[in-house]
Amino acid sequence: MKTSALEPTYIFSEAEAKAKSPLAAEFLDERSRLNGIVNEADNKLLKRIYNVDTNAYLEGALPAKTKELMGLVASATLRCDDCINYHVIQAWRLGCSRAEQEESINVATVVGGTIVIPHLRRAYALLQELYS
Amino acid sequence: MKTSALEPTYIFSEAEAKAKSPLAAEFLDERSRLNGIVNEADNKLLKRIYNVDTNAYLEGALPAKTKELMGLVASATLRCDDCINYHVIQAWRLGCSRAEQEESINVATVVGGTIVIPHLRRAYALLQELYS
Amino acid sequence: MKTSALEPTYIFSEAEAKAKSPLAAEFLDERSRLNGIVNEADNKLLKRIYNVDTNAYLEGALPAKTKELMGLVASATLRCDDCINYHVIQAWRLGCSRAEQEESINVATVVGGTIVIPHLRRAYALLQELYS
Amino acid sequence: MKTSALEPTYIFSEAEAKAKSPLAAEFLDERSRLNGIVNEADNKLLKRIYNVDTNAYLEGALPAKTKELMGLVASATLRCDDCINYHVIQAWRLGCSRAEQEESINVATVVGGTIVIPHLRRAYALLQELYS
Amino acid sequence: MKTSALEPTYIFSEAEAKAKSPLAAEFLDERSRLNGIVNEADNKLLKRIYNVDTNAYLEGALPAKTKELMGLVASATLRCDDCINYHVIQAWRLGCSRAEQEESINVATVVGGTIVIPHLRRAYALLQELYS
Amino acid sequence: MKTSALEPTYIFSEAEAKAKSPLAAEFLDERSRLNGIVNEADNKLLKRIYNVDTNAYLEGALPAKTKELMGLVASATLRCDDCINYHVIQAWRLGCSRAEQEESINVATVVGGTIVIPHLRRAYALLQELYS
């Protein structure tokens, strides 16, 4: 099986996410600051991991929108706030509806249990800002 | 936000999955046997959990196909062979392509790491039988 | 098996927990604020999950006190600070002794490993305030 | 805080568990065989870990029965079949009712999510044999 | 920081591991059979993940022996029998002593808790065969 | 198998770590404050757990340096910021190079997946301060 993967087309930029949502702005700025430190270190294997990561979310047999929502599901079941924030913002930038985001979080909460709820609460605060 | 959820339309029955794949047959028969024991116990709260579980995968803002693949992603990141088998079979029954299943597993493996690989190997054995 | 579940009788209110412990107050206020955002979203499936969650901790074959301590054990093994805080406060409100809380955390730490310790440290800070 | 811990009084022996349940017999025999291999290795630190483990479940501020059920909750949320089997058998040997075991598993399933269900199914098969 | 990574020098071959240990033989044969199925699928992203995985264990600032033992620690804390088997065999093939393997498992068991013990028991059965 | 375990020789003190790195200082001070609260509680079983924990990282068949890096691997795969901070500082105090720390984190990230990346970013911020 071959997969030809393509860059997704974003409807909104990161800057627009930051303009719309203070929570998104705070998260993206801190993420960007820390990624700067990681980039300086120039660790070869880590760069390949970042690269594989990018590739997993490109357009393919599944649309990028679906993959970002899957990233959200994986992040919510594994309970990582930063990862949840990132995929919520990416899915918003690709034009996913709020209902699509909520149903994705529902799948994660059913599979992952009520231990997901504290993370889901913070995700809803971000959703509220992005979709207001 | 209201979600009106609907039963998905299966292209293939469980019986067809079992006829196609010995691995599916073995898994579904054992699952059915054990669910029989659980049903006999008639635990009220557990029945509600089963019910909520069913509802999470119905047609809604997201198609049932996407939700089953999300269930696969969640199951693979949490590394549960039974859950992976179940969602692979469900997604096949709903008409998902093998490429869609593989890309879903890719997202889970990238997020969840190489610790997912032993489970992915067994998932590929099931995919091979179902999509042959 | 049928379980007739009943509302537990609290010895202390949430307000009393907040009056006794600044850590409890900070946690409960933030939880309440975020639950407000979740409630506004009015997601039907999520409401059912919240409902099932409430039911799991009602009086039954096991007393509510034991179930809250079990919630603490589950939260500590899964390493969720918010969940630990919540169950510590609930167990305190139901009249559990500090020794009972500590022994519950011990079980979680033995099963879950030293990775639980950073969370346990924060739990002890909350216990210190509630049982002072 | 000091905890004086005491050996619990078992109502049933391991032999009685094995006589009652083929699943218990198979599990306990394999566990015993492998523990023999571990004991031969005579690893000093590991022996201390086994020792701490034993101590966590002794009579204390909480009864041993409650602690074994907490061990079951922790094992079910962390999804370890062997650990679930062990604590189900221990709780049965100490005289816990089937309803108490089921409610403990309910707490674990609510907190840990539907990913616990495959393990819960196998636990119910063991419960069925032990409480028949 | 640049890392020049090199293939490690194995003291024993996979065939020698299989000749020495029936458990190793059974594991390696099944792993090889399933990897055959994965290879046939020829999933491009998955191949890159396999490739990154291989690179993580090459000689570098840390010797390959240490990295395989670290893989064992990671596998034991995440409780994956297949991954534990693989790294135990790899560490043996690179000449690690049994004491080094046991101390690595000790770190994993202390950090990861007694939930690791069922996996550790099976690892000791493999260690016993390989180091007899 | 007997292991004679010895205290490792630190090249740098905790005070030197704090002088070099504001992130280390903030972490170590908060850890020390909370450990004070835990110590006051004087929980007997918990003290034994702390004791076993200390023993796992002493000099033995493997050098203490390697064990601290293994603690880092375990902490990163289980995604615990406090534990990562602690082992990064300990490994630095024992004279591990930055490259050795990065390669350890690479193993953890490959095994544990991209869900480790947010924690890795924060670890790199600490590494940057300690190795500047």
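Labels A, B, C, D, E and F are assigned to the chains in the order they are written; within every chain, residues are numbered from 1.
Note that in this section a contact is a pair of C-beta atoms (placed from the backbone, for glycine too) under 8 Å apart; a residue touches a chain by one contact, two chains touch by 3 or more.
Note that the coordinates shown come from a computational prediction; the quantities given were computed from them, not determined experimentally.
Q: Among all the other chains, which ones are in touch with both chain C and chain D?
A: A, B, E, F
Q: Pick from C-D, E-F or A-C: which interface has over half of its contact pairs in common with A-F?
A: Interface equivalent to A-F: A-C.
Q: Could you check if the interface between copies chain C and chain E is built from the same residues on both sides, meaning over half shared, or from different ones?
A: At the contact between chain C and chain E, which are copies of one sequence, the residues are largely the same (over half shared).
Q: Using mean C-alpha positions as chain centres, tell me how far chain D is from chain E in Å, no decimals.
A: Chain D and chain E have C-alpha centres separated by 29 Å.
Q: Averaged over CA atoms, how far is the centre of chain A from the centre of chain E? Could you give it in whole Å?
A: 32
Q: What parts of chain F, by residue number, touch at least two of the other chains?
A: 1, 3, 41, 43, 45, 49, 52-53, 56, 74-75, 77-78, 83, 102-103, 106, 109-112, 114-115
Q: Which residues of chain A touch chain C in their complex?
A: Counting only chain A, the residues touching chain C are 79, 102-103, 105-106, 109-110, 114-115, 117-118, 120-122, 124-125, 127-128.
Q: Can you tell me which positions in chain D touch chain C when the two form their complex?
A: Residues in contact with chain C: 1, 3, 52-53, 56-57, 60-62, 66-67, 69-71, 73-75, 77-78, 83, 97-100, 102-104, 106-108, 110-112.
Q: Spell out the residues on chain E that touch chain B in their complex, using ranges where they run on.
A: These residues of chain E touch chain B: 31, 34-35, 37-38, 40-41, 43, 45-46, 49-50, 53, 74-75, 78, 80, 82-83.
Q: With touch defined as at the start, can you tell me which chain D residues reach chain A in the complex?
A: Touching chain A: residues 77, 109-116 of chain D.
Q: Quick check on the complex: what are the chain C residues that touch chain B?
A: Those residues of chain C that touch chain B are 1-3, 5, 41-45, 48-49, 52, 55-56.
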